[in-house]
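Here is the structure we will look at, set down as structure tokens.
Labels run A, B and C following the written order; every chain starts at residue 1.
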Amino acid sequence: MKQKIMPLITIIALFLLGIFMPVILKQYHLNMLTEIIIFALFAVSYNLLLGYAGLLSFGHAMFFGLSAFVTAIAIIHIPGLSLWNVILIGVGAAVIVGFIIGGLLLRHKGSYFALLTLAFNALFYAIATKWHSVTGGDDGLSITRPGLDLGFTSIPLDSLTNFYYLTLVIMGAAIVFCWYFTHTAMGKTVLLMRENEERMKFLGFNTNISRLILFTFTGALAGLAGVFYTLHFQFVSISAISPDMTTAVLLMVFVGGTKKFWGPLLGVFVYIILQNYLSNITDRWPLVIGVIFVLMVLYVPGGLSDVIMNVWQRFFEKKDNNGGKSATAEEV
Amino acid sequence: MSDYLHIQNIHKDFSGLKVLTGVEFKVTEKERHAVIGPNGAGKTTLLNIISGKFKPSSGAILFKGKDISGKPPNVLNHYGLARSFQITNVFQELSVFYNVLAGVRSHHGLRYNFFKMPDHDRNICEKVESILEDVGLVDVKDQPASSLSYGQQRALEIAITLSTDPELILLDEPTAGMTREETNQAIQMIDKVTAGHTLIIIEHDMEVVFSLANIISVLHYGTILVSDTPEKIRNDQRVKDAYLGEG
Amino acid sequence: MSDIPVFFLHGLAYAGLLFLVSAGLTLIFGMMNVLNFAHAAMYMLGAYLSYTIIMQLTGQFWMALILCPLILFVIGALIERFLLRRVHKYGHLGELLLTFGLAYIVTELVKWYWGNYPLAVNITGFLSGTITIFGFIYPIYRIFIFLCAVLVGGVMALILYKTRLGIILRASVNDSEMTNTLGVNVPLVLMGVFAFGTALSGFAGVIAGPLLSTFPGMAQEILIDAFVVIVVGGFGSLGGAIVASLLIGQLQSFGVLLIPKLSVALVYLLMAIVLVVKPSGLFGEEQ
């Protein structure tokens, strides 16, 4: 029973905490928190691929960036477009692209998958860079956030606080759904495929289709994060779709740890704060983070969440009641 | 007029190496059919072809009159075929319960659902429990598969095979590596859980074959030497030659 | 359209460079089953080292051509021995992440030491000259690149298929445990393979310097094309790498001539077609 109530309490507590943040935090930090929440969804969606399905994608930024650009382009070219339609168009673009590219990658896993996703990400980056008339190329695109139309009333979103609340609700809901997803039939199917794909085929599962569905689904979630990225900064540039953005999300997820659902959330938090702190004191912060990453691959492949869990088990769970640590992505 | 299962002139080459050279036999519904043969006769290759792991180089497999050769395993599973593996092929990190749950929910159509939690479905959980009861693993249902004894892992292998409620069950050396006592228990268990199903069993151990099968096919150098009842097989000179010839 | 022979030669030169980069990548992948994301970064390191050796220290292109691969050979051996071998137990994911992290670090270090701007490597003497070919005046250096690729490809094929070393290499791949018991030091062989592959990327870097100039984005640029070569040719296939390099070299060259804005898309189109028609690549074995 405790197992089922704990996550719920955590979720409610985090939301309540989130609601009070605009009162506590200064504008600068609220800005950072909004960014963290947006990247949290991006990272959680990435971990559904890496941690749950065991698929290392180097192309997750193509969804994030694509939706970010589509959002900006839609707002600029379609006057009076409502916020809901902006989100719909932005996510829709990611779904379509995810489905097409996922179809091409259907049969590939492991190194092939890593390589091909990187190649496709590079294609999107090249298009964004060269198609200057639409994407603004190196200059990027600036937009103004449309207001939020709730039918009975409309809320202007030009203030950061209002936009923060919208971000909290929508990103939060999406993250909670991801957590729920890991417990559903499809979520379990993905996990079991990583464990033993051959057996899954013999149990009647079409594993290629499962991978396609997962790829499209995580692409859509990354796309949703991308839409909010553009809305937040009211600007988008090619950095949103560059392979460096994929690197960033990989680092966030890996630092936090792929074995736990909350690992990436922790990772985003640490990464963005570290980035802000380090970039103030040194120009070489990418180098620092690169070294940290390699050291973690060598010595702490489970990430921070794994370290925390080990410490927790050592001090609070003296008796070893589940026959050793579970190596799966999440207790099943 | 059509047979339940008709293995029709199956050939299989692996880059020039001819493993099966025209395998032909029939299985009637509810039959317990054993395929025996010396090592290297191509038994496991044959099973891999029937179960969809490999495509035959030529030939056909008619299941209720329909050619199913070359169809992928997941489609064959939907037709009602299931197989076990000679080398235990379970989900090692998962508990016994969740190992069996995967197939049961697949059979109930809960494969790709984004909203339903399969372990909250009463029917599915009860079905898992009843399978575990049948194979004698209820007591260890919450343990990870990796912590089971060898005999229990083999039982789990059978449980997973049964989990999609198949009508045609293919077992690949279910007692391989077991002690005599474990084998006897396994025979009883298999006999019980496969009652009322059609069974094809690939076996090396003659005791298992003669206590479970009512028809035996002898595979020798890639073709079926003879298909007959156990009594006739026991006294068949060609079979004796084939086995003695192998030394 | 009368320049077609010139574009053909351009295509050959680029194919030569692409082959030099992808040969090391495909060798490491074929022998060790490791997709080395750091390969292109090593190529960039080779190019920058050659800048220092040629433009700042010796003034000799030949010195760079000898020294850079040697330096990278050592670096490759160290990486294999002290880093890659450690993560082997975590499987593919660990190896991919490690080489990816190394790529990141090497790129950052190069930017730190040499700066974040293009550096020109100038060659002098015979190689900087031109010859007349098909009635066109054509730079000797580009032909030199192609010849280097032919030489490297030929030597690799000879070693792999005609020597005792080749037999040991292929045996180590097929059954490392068995080869180990037969008295071959498999870990040493694998270290050698990785070091040689890395040295090859350094060699390609030296070659690329005078052709493309050295800049921090050069790794990213070649990496994608090299990946496409591997996907199109088939993972781990030397023959596939040769054919695919020639194909993509020409595609790039004529793409610029025919549809300058979309030339990059042509390469991807080829890759997509191969993925749909023969996912294992032109020369790859079906799994």
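Definition applied: a residue touches a chain if its C-beta (ideal position, glycine included) is under 8 Å from a C-beta of that chain, and two chains touch if they have at least 3 such contacts.
For clarity, every value in this text was computed on a predicted model and none was experimentally measured.
If you sketch which chains touch which, the chains link end to end in a single open path, with no loop closing it. Centrality by C-alpha centroid: the chain sitting nearest the overall protein C-alpha mean is A. Averaging Cα atoms per chain gives one point for each, and the point farthest from that of subunit B is the centre of C.
Averaging Cα coordinates per chain places subunit A and subunit B 43 Å apart. The distance from the centre of subunit A to the centre of subunit C, with each centre set as the mean of the Cα atoms, comes to 33 Å.
If each chain is reduced to the centroid of its CA atoms, subunit B and subunit C end up 48 Å from each other. Residues of subunit A that touch subunit B in their complex: 181, 183-186, 188-189, 192, 195-196, 198-207, 209-210, 213, 217, 322-323, 326-328, 332.
Across the complex, subunit A is touched by residues 29, 33, 35, 37, 83, 86-87, 90, 92-94, 96-98, 100-102, 104-105, 108-109, 112, 220, 223-224, 227-228, 230-231, 235, 261, 264-265, 268, 271-272, 275-276, 279 of subunit C.
Residues 54, 56, 58, 104-105, 107-108, 110-112, 114-116, 118-120, 122-123, 126-127, 130, 243, 247, 250, 254, 284, 286-287, 290-291, 293-294, 297-298, 301 of subunit A are the ones touching subunit C in the complex. Here subunit B touches subunit A in the complex through residues 51, 72-74, 77-78, 82-83, 85, 89-95, 98, 102-103, 105-107, 110-118, 143-144, 147, 160, 163-164, going by the rule given at the top.
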